[in-house]
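Structure, as structure tokens:
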Amino acid sequence: MTTRRTGYVWHEQYAWHDTGTHAGIVPSGPTVQPFQTFESPESKSRLAGLVEVSGLLDHLTRIRATRATDEQVLRVHTPDHVERLKAGSAGAGGDAGDGFTPYGPGSWEIALLAAGGTIAATAAVLRGEVDNAYALVRPPGHHARREMGMGYCLLSNVGIAIEEARAAFGVERVMIVDYDVHHGNGAQQIFWDDPDVLALSIHQQQLFPTVGGELDETGGPGAEGTTLNIPLPAGSGNGAYLAAIERVAGPAARAFRPDLILVSSGFDPGALDPLGGMSVTSGGFRAVAAALVALAEDVCGGRIVFSHEGGYSPVHVPYCGLAVLEAMSGFSTGVEDPFGPSFDDSPVHPLKPWQDDVIRAAEELADRLSGRWQ
Amino acid sequence: MTTRRTGYVWHEQYAWHDTGTHAGIVPSGPTVQPFQTFESPESKSRLAGLVEVSGLLDHLTRIRATRATDEQVLRVHTPDHVERLKAGSAGAGGDAGDGFTPYGPGSWEIALLAAGGTIAATAAVLRGEVDNAYALVRPPGHHARREMGMGYCLLSNVGIAIEEARAAFGVERVMIVDYDVHHGNGAQQIFWDDPDVLALSIHQQQLFPTVGGELDETGGPGAEGTTLNIPLPAGSGNGAYLAAIERVAGPAARAFRPDLILVSSGFDPGALDPLGGMSVTSGGFRAVAAALVALAEDVCGGRIVFSHEGGYSPVHVPYCGLAVLEAMSGFSTGVEDPFGPSFDDSPVHPLKPWQDDVIRAAEELADRLSGRWQ
Amino acid sequence: MTTRRTGYVWHEQYAWHDTGTHAGIVPSGPTVQPFQTFESPESKSRLAGLVEVSGLLDHLTRIRATRATDEQVLRVHTPDHVERLKAGSAGAGGDAGDGFTPYGPGSWEIALLAAGGTIAATAAVLRGEVDNAYALVRPPGHHARREMGMGYCLLSNVGIAIEEARAAFGVERVMIVDYDVHHGNGAQQIFWDDPDVLALSIHQQQLFPTVGGELDETGGPGAEGTTLNIPLPAGSGNGAYLAAIERVAGPAARAFRPDLILVSSGFDPGALDPLGGMSVTSGGFRAVAAALVALAEDVCGGRIVFSHEGGYSPVHVPYCGLAVLEAMSGFSTGVEDPFGPSFDDSPVHPLKPWQDDVIRAAEELADRLSGRWQ
Amino acid sequence: MTTRRTGYVWHEQYAWHDTGTHAGIVPSGPTVQPFQTFESPESKSRLAGLVEVSGLLDHLTRIRATRATDEQVLRVHTPDHVERLKAGSAGAGGDAGDGFTPYGPGSWEIALLAAGGTIAATAAVLRGEVDNAYALVRPPGHHARREMGMGYCLLSNVGIAIEEARAAFGVERVMIVDYDVHHGNGAQQIFWDDPDVLALSIHQQQLFPTVGGELDETGGPGAEGTTLNIPLPAGSGNGAYLAAIERVAGPAARAFRPDLILVSSGFDPGALDPLGGMSVTSGGFRAVAAALVALAEDVCGGRIVFSHEGGYSPVHVPYCGLAVLEAMSGFSTGVEDPFGPSFDDSPVHPLKPWQDDVIRAAEELADRLSGRWQ
């Protein structure tokens, strides 16, 4: 297998973002016993741990995250949103917008470090210091809207990195591929009218947010076709995800010819995820990542940056993430996914007709709309 | 709504069964960071807590669990299995059979208390002390085979209670309805050749065990049709579960005319379960339970006993369990499921054609085989 | 051993009081990684669990807690404090006063239930329904001042129960014995000028609050001698605690002749407590409780009520609490404290000269001041 | 302040050593609810996290741990002990000797990595690559005896590093200073008859092991005076620890003239430790470390290596460890210990007469015996 120089971002402080004692999603209260927010550090810090223990870290290029600047953030988010977060973070914390986005004292600085981590990974790729890069950041970003946080996301890490790529590196066109199990509604909003950013989201239909993410949302006037949604039915497995990448993301990328691909890398389509209803295995994520890396090599000189989003299984995410990093770098650690053997043989994986229907519709839509791209 | 006298078993010691530090399913090891076994006390003890905090406990009849006797256990399990568990439990613990069933010092006594809890609930119903009963027991039982533990299960709580019902209460025919997301392989094995126990399992196809649980497994010679499997595809929601109950379990019960119904009540078809790939909500479980209670009233004087099985979401199971208990007792606490509003409107719930196909096949099979029941 | 009817209060909702993600004491922040507040449910709920699993619960009289009324609370606390807590509890929670007293949504109602639990235990004793009683309540109360919460305490459970005892049961004189490792500053403030409440606190000198709790604090004008502090040096063991009870609390009680004794029962003098620097064992707590029960039988017809305060070892508190309950009820469960054998033989236990100095000073002070009591 | 090149060892796999579900110290069982072993990863991994988040890591020299070889281990431990651990680690884990030393699958390799980490730190100092070094390793080592594990310790990390220093680097004399709150019984046993290793242990009298660690244990025939114990009474604070270093360790070091000092660095004398009964603060540990570094500069060219031992407060250890590393390196991060302000002013800190008695006795003993050292 070809090996590549793969950049890697992780910062211990990502594990310090305090999401409190919610019962998974909802705040504790008179009839809700406190527990732990699903978006807790474990799945991320245990992935970072496995990257080290597996020995893969020795084959990656460590990229240092620094905080995004206010200027970088304000290219994407409103001053009001920024001020609210700053104030809350300087105090006792709070919620970033929708009631499902708790944060604690100091979370503003950590959110800047997350956005900065995705920027750093992107910059390293654009400078040619590495071939591709994975930014294992926290908090995640793909639900964050311009004017508010949402769904555990404070800032749009990917959106901010894209604007920096355009402002500082002369990048013109960017494609986003979002395989988090939830709709990438934040990027869709942020780039809705932007003909130079193609935002493609593969997700479970109406999981979260419960409205939107449908096929007929294709971008604003002048940007038709630069939003693409593939709302898969619950129960999809490796086959459906790989088909979505190969049959929709692939042709779209070849038609759109981006200079750079940003991946919203969520592991909540994983088979053990408590929030998602899909059944993707580490083998599935490995194949998806390999297909995306090959696609980037095909269309944009291999320039692809993965930015970590959701994924709430402390035990499964590490193996899924390791598989993606192995696929990116071309280096195999030999570490076996202990969940692999039985999971990979599940009857959920072969593409089902009802999944194929959605993918075919997205395929036709993308094909039709891509004519509008210059 | 009619209210009923509903018996309820819970014992603090159920929360003390020690399942160790597995990474969810697999033991820790050189490339597996320790964590917590999915089958941990939280989902059960938090359900017991909500039953109390919601006030429902005041409307239930508390039934005291005592340990099953060796004689009761040995009606179902082999002496070898019993001896191995006793020895391990008197020492440092171990694994009860398949490598996925860790237990600790003293777990044997807790397993006896779980089986004894299901016996006590069954006895209370058969004596007419209560109308129906819920045994919130741990460890679970439906994977346990005669000769070994399996899938977090040490002893067949339901199997042992059925044999006691027949030995001590003159019960002749029993129907098992198992809505745990995993195949009820233990009951299937135990009663495979028994024409007087109809074991019906609704589950995700080939989730666990990965072999078996298919439509064509229908019981041994002389007991044809007394095993019924409904292997639903991943992604099923409330509609599929309710259809399976109404279209398969209902007619089968009316044809089989059991004296008693035992329910293997697993909440791992729940939308937030990390192991299951289904999307059932508390509203779905409520409807399923209501249908089963009505069915019992229709065919066996209302004699129905629920025995708790899987369900691995510490935050969701409490509301699902409360819904079942409310449906059983006819008493509404007014406590809202905080996950309810958005979950219930998901597009996963209406019955899909590909789910209907499985249910229809089971329906036809049950209809055809029920002719053999006298 | 004589057995007694011992009342027992515990409510599941006590375990739901949400104290958040502090690093033990201090809020998380830029240089403070989130963790868990020391005052978490575990030590209490695990004690409640052991009371049940040990079988002792069957020999206790369960007393039901109901919420204290506003009227009951306002006898002790200021309207401002009450309004702030109500408002915070109806919202996202907050801090009850000193920055070390986090609470969550719904904590106000739980605080009422804690005060109400101590009231219920007291009422049961005063009505003669039980001989004595233990209120295992949470949040604790002994640091709460009239106008603010403090040190994990929202409301003065003991203070509120005392005022109810006087208002509703004609009790005239009450003695408080506080063996929590921290100074009982709340009761000291609340009853500073009250000649009818003798507040005696045995604690580690200047542990928390870091100011106060000294020997020379003896009560306000007209109430001289009704505050008594025994500020023991760090490192004290069973001997010092028992000596303090026998040599100071005993004579004081016999001189003061209370109608009722309230005990602020904190297990943070325990040998495994993370906050306290003392080394008391379950055997020590057992002896202290036996001495207090005997004292109550001597001076006030056995009317003694223990209200749970601190104690932050999830593994040690259960055995210490069980020992107290066994001493109170005269019933032995036979459950061995697994920490007992080596802990009890530690050289820390025999009374040391430097501990004796403090006790002697308190002894002399109490003797001198008791002359003022009528 | 002078800055020094300080080496630093930490390996993610140290956090993977699986110590199971003990109730702190004792295995779970019929009357012992499972919990978490005190010796869990948190206190160590959170210290490693703070070293990174504080920025100190950028000023340290990262030293890579590799596994100790069998040859290195067998210089200290018996083949039987090694074989038992290897076998257990290749299986389901077990206990390393005394019933208080649980380990899991793969723990053997982690124990080798811990010993190897202390070796690597020592080697870097002896090669002059760094001025001094801190090995943040796990599992700890100072209780491990030649023939068995004990008290959470599998292998004698310090003992193995000393033998390597002698075998590979020509070091002749080594002094051990052990400020863990428990007696350094392992080193005492291993080097009892060795006149070239001076093992000095400052600890809480008879805490653990409950026998031994007394003043009159001074070494075997021909090695008199090379074992020195300072069994402080419970309740000791910064003053007693600093006095023990300055008045006993200092003169002993100047008399013994070691080529190297190894420090068994346990943070369980800390004020928030659940196992220790002392009250040392981060300021106290900082002063102790500064004194030891100065002592090493005085007697052995600054060659001093700290090897991490106990310390069971996940919230306090990080700040104590950071203080030690700041003192070693001479670099101040400016991070404030959030527990500092009130803790440092506690009346426990000034040296007490009863503590002075013990230190004086040790002082006189060391002075008398040091005459025997050549």
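In order of appearance the chains are A, B, C and D, and numbering begins at 1 in each one.
To be clear about the criterion, a residue touches a chain if its C-beta (ideal position, glycine included) is under 8 Å from a C-beta of that chain, and two chains touch if they have at least 3 such contacts.
This structure is a prediction, so every number in the text was calculated from the model and none was measured.
Chains that touch both chain A and chain D: B, C. Taking each chain's centre as the mean of its C-alpha atoms, the one that lies farthest from the centre of chain A is C. If each chain is reduced to the centroid of its CA atoms, chain A and chain C end up 51 Å from each other. Mean C-alpha position of chain C lies 37 Å from that of chain D.
Across the assembly, chain D contributes residues 15-16, 29, 32-33, 49, 53 that each touch 2 or more other chains. The touching residues of chain D, counted against chain A in their complex, run 11-13, 15-16, 48-49, 52-53.
Those residues of chain B lying in contact with chain A across their complex are 23-26, 29, 31-33, 35, 42, 46, 49-50, 53-54, 205-208, 210, 233-237, 271-275, 277-279, 313-316, 318, 335-336, 338-339, 342, 345-348, 352-354. Residues 15-16, 18, 20-21, 27-30, 32-34, 92, 94-95, 104-106, 109 of chain D are the ones touching chain B in the complex.
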